[in-house]
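Here it is, the structure, as structure tokens.
Residue numbering begins at 1 within each chain, and the chains themselves are lettered A, B, C and D in the order written.
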Amino acid sequence: MISISSSRQPASAILLIHCPDSKGIVATVSEFIYKNNGNITNLDQHVDIKRQIFFMRVEWELDNFIIPDNKIGEYFDTLIAKKFDMQWQLHFSHEVPRMALFVSKQPHCLYDILSRWRSLELEVEIPLIISNHPELEPVARQFGIDFHWFEINGGNKQEQEQVQLRLLAERQVEFIVLARYMQILSAAFIGHYKNRIINIHHSFLPAFPGAKPYHSAFERGVKVIGATSHYATEELDAGPIIAQDIIRVSHADSVEDLIRKGRDLEKVILSRSIWHHVQRQILVYQNQTVVFS
Amino acid sequence: MISISSSRQPASAILLIHCPDSKGIVATVSEFIYKNNGNITNLDQHVDIKRQIFFMRVEWELDNFIIPDNKIGEYFDTLIAKKFDMQWQLHFSHEVPRMALFVSKQPHCLYDILSRWRSLELEVEIPLIISNHPELEPVARQFGIDFHWFEINGGNKQEQEQVQLRLLAERQVEFIVLARYMQILSAAFIGHYKNRIINIHHSFLPAFPGAKPYHSAFERGVKVIGATSHYATEELDAGPIIAQDIIRVSHADSVEDLIRKGRDLEKVILSRSIWHHVQRQILVYQNQTVVFS
Amino acid sequence: MISISSSRQPASAILLIHCPDSKGIVATVSEFIYKNNGNITNLDQHVDIKRQIFFMRVEWELDNFIIPDNKIGEYFDTLIAKKFDMQWQLHFSHEVPRMALFVSKQPHCLYDILSRWRSLELEVEIPLIISNHPELEPVARQFGIDFHWFEINGGNKQEQEQVQLRLLAERQVEFIVLARYMQILSAAFIGHYKNRIINIHHSFLPAFPGAKPYHSAFERGVKVIGATSHYATEELDAGPIIAQDIIRVSHADSVEDLIRKGRDLEKVILSRSIWHHVQRQILVYQNQTVVFS
Amino acid sequence: MISISSSRQPASAILLIHCPDSKGIVATVSEFIYKNNGNITNLDQHVDIKRQIFFMRVEWELDNFIIPDNKIGEYFDTLIAKKFDMQWQLHFSHEVPRMALFVSKQPHCLYDILSRWRSLELEVEIPLIISNHPELEPVARQFGIDFHWFEINGGNKQEQEQVQLRLLAERQVEFIVLARYMQILSAAFIGHYKNRIINIHHSFLPAFPGAKPYHSAFERGVKVIGATSHYATEELDAGPIIAQDIIRVSHADSVEDLIRKGRDLEKVILSRSIWHHVQRQILVYQNQTVVFS
């Protein structure tokens, strides 16, 4: 089941590619689109000189494109991708991605995402919110979204994650946003949504990973605090970074001030990352992101 | 006379293009490079949807490129540019641009540029410094650069500009940087160096154009001050903007504090713009810039 | 009727002062507090050297303070303020200010404020939301706040404002926040809430005042866009600035991108200004603010 | 020997204080100044609530002050400091501090500091530059400053530091700036200049301490890079932080781009910290700074 957005017009295809660098990739891909009557509206490429890897995002209008939507992938793979040993993904601008939110007790990221969604800034479907605490159920209800409380204790985590995974599959969730979800996901769980779980960490990583980063920042006497969004990986707070930003603080700021100021960063950075993800602007390679924005 | 840089290796060609948007431009240009054995190391394109204009910057390695350097322009024009009604410029990474500096009394931008140049961060030749005041001659001498003082008074501006233009032509100056040059250039002068005169203005334009922007900012009680670099045009402080940035200020800052804090912005923004210009990353279209960086 | 906050402990008094500068003000005020058994937890002062005006914000714990709360103002005025020709305001940290929101059709600032309020980040009471359009009523209802729609047309503005003023008085509103209220208030209306109406304008003022600043910014080709919060005054977008910030944009951003990116700025800047106002950190003098933060 | 600045007028005294918090400190200190006919032009205080420590910076005009300059310290100590168990420093605005620069091979911070000094933005005396490499001697010569090259090898560091210390003492150096000095100072050396050695580290500490932070940042795929100035302490890159800032980077930036962009941060942050130090705005307490700016 794929939802169709009526507002994103005209429909376009988005191809994300990476492969070993060689001559002629841009020429070949753009010719493929051109000859089949596609109009490229956006093309970004990047060569990682050191690793000799070529990255590309190309978007073209599907109006009048000769190859039918459901055959583009097959044709591209046969005619081009194999030749250049490409890893590729194909997306369509009119498909609306299905996103699940994981939360704990803090509402600021949740509110921010839901208000962007409600005001149509963020075009996604949100079939459900999952939490390890009951506190935010009223927020979910306020916005009319299913809320599922999974109490996690010392012994039941694996079991609860199994139920969560079934639920996510049932609801056809494509990607997950950890909106200040204060519970570590197992490697097994993460493995099901590789590069599809966006987390926000409340520090400028790699500084202050793990618990209570604002307290650590305060103790260290830093003059800036930050927030970092990244794709969750097995190793905590070590996944590919999507976006980071900072805000200045001073000696006059208490830990509570840092927490308060940091919230603004967290919500903006997390929502910006969701935007990039939904716009299909992110490519992951060896624990780093290429963000074509 | 063209100076050749030994440090920028391997040599590459840079093509800057704009033309009415149509299908197949990327394919055609990249195929031109590919078929002649060029390896694209960088390609950026942008479509101004509203005006239907296509912009592109493409850079490729010249090693093994079939067309000789001095024929690339001709071939490209004949085979491709005419077909798409393109405006284009061709540059070579190993050519070192010749830059003149215009200054008045304030040394901070001058020092910043010269120290970047001396430490090889900025690969340009600086055949001369021109000033309407004698104060900065010692700085020029410190760095071993010719300094020319042109006193400008009510009556002699046109005449002095004529001498300046001759001098610039003699020294084969390609572009001019107004490093806090506090004298308005005539339209005639600017016409000789269209989109090749980089100015720094000490406000976030379009706020506070003209004289004494820090004083005006102070009077208005703003909480940020800015600096803006742009290509000089006939209309004062109204040319295409290259770069802008700001710094936060507060009620505790006096006009003198604004001036002091602003200097850091001015020099960083101006030098960043020179960098973009020298890297051939800037395209100008209808009083706006496309900066591919 | 004054609401009492239970969370802000211990209770403290906040005095905001400005007066002609002279020797001994700090000594006199701090001695007044000290001798009456108050413990100063915060003292900020600023001298506007040019205008020779002294500004001060001092906060002290009321626990054990000898003068009763309802007499502090009188005593201070008699014993000190008159001597130094002071303008002063006295506030108590445990009083919860009553804030009205004015909105039109755009929900992002409204959502941001309401979610901060609901999650207790912002300690205010919000007795009502006023709008010139009906669109945002569901948001008000979501958060359980009275929503009043006042249709404004060519002829009825004065009359509608009269009704609004009565309503605001009835509900004991202390200050007003224009959360993207797209309707100009009359000078008469503003006069009732001098320095108590916070507006957010979607540009870095004084650039781009008035309508459609993002469109103007796009046309000008700026490389940063901004947002400015200020107290509304009779002259449009010319009131004392409270806070400003910017975000970088590029040639690749459409007007729609500017609008989208700008929303994040607007809501953060507006909410930060409400915070300053509620914390009694702002002094206004001659169309400028002193923000002790 | 103390140099006297003629430009900083009128002369003022600056007192930096910290002590256990208690009632009446502000009242007592400001009364001391007031009763002796001093006019306070600036007063900042801060209470570290958690640790119950009071910090204060107060500046007053000496014109007409009853106590002679050379007796102020004694009187203050006797009458006030002892009572409150204060740590204090007294400075005079017309004293010009003597600063030594330590450099290695990279010139950007050195150039930046020297050009600010030469253009009188930075009012210090620079009796000498010390380096562990000979490369920057020409820069020192350009600005007419003594340059001392100390080759450091495996065995001679202690001995060389002894010679450096003697030289610094001879030249009456008050504080030291490590302007990208790539050599670790011994604990013994640092002990001689406690909280008087300003270092610039090219990362946002505590991320990426030690060698090659830009390379580590590149490997981690961060989206911001930073610079941090701090007072050098025995533990490497762990001293009290004075200032920090960041600049955004992207996947398109190579390590060389990070290094280039970082240079602008390093020089601005380092010079800003020197400014704070020279303005006597910094108090150090338990490995943190209070910067009254």
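By our rule, a residue touches a chain if its C-beta (ideal position, glycine included) is under 8 Å from a C-beta of that chain, and two chains touch if they have at least 3 such contacts.
All values reported here derive from a predicted model rather than from experimental measurement.
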Path length in the contact graph (subunit A to subunit C, fewest steps): 1
Pair sharing more residue contacts (C-beta pairs) when B-D is set against A-D: A-D
Furthest chain, CA centroid comparison against subunit D: A
Recurring contact interface, reference A-C, options A-B, B-C or B-D [over half identical by residue number]: B-D
Where subunit B and subunit D are represented by their mean Cα positions, the distance between them in whole Å: 36
Where subunit A and subunit D are represented by their mean Cα positions, the distance between them in whole Å: 42
Subunit C, residues touching no fewer than two other chains: 49, 248
Subunit B contact footprint on subunit C (complex, rising order): 46, 48-50, 55, 204-208, 220-224, 226, 228, 240-246, 248, 250-252, 254, 287-291
Subunit C-facing residues of subunit D, complex: 23-24, 26-28, 30-31, 33-35, 37-45, 47, 49, 248
Complex contacts: residues of subunit A adjacent to subunit C: 106-108, 111-112, 115-116, 118-119, 121, 142-143, 260, 263-264, 268, 271-272
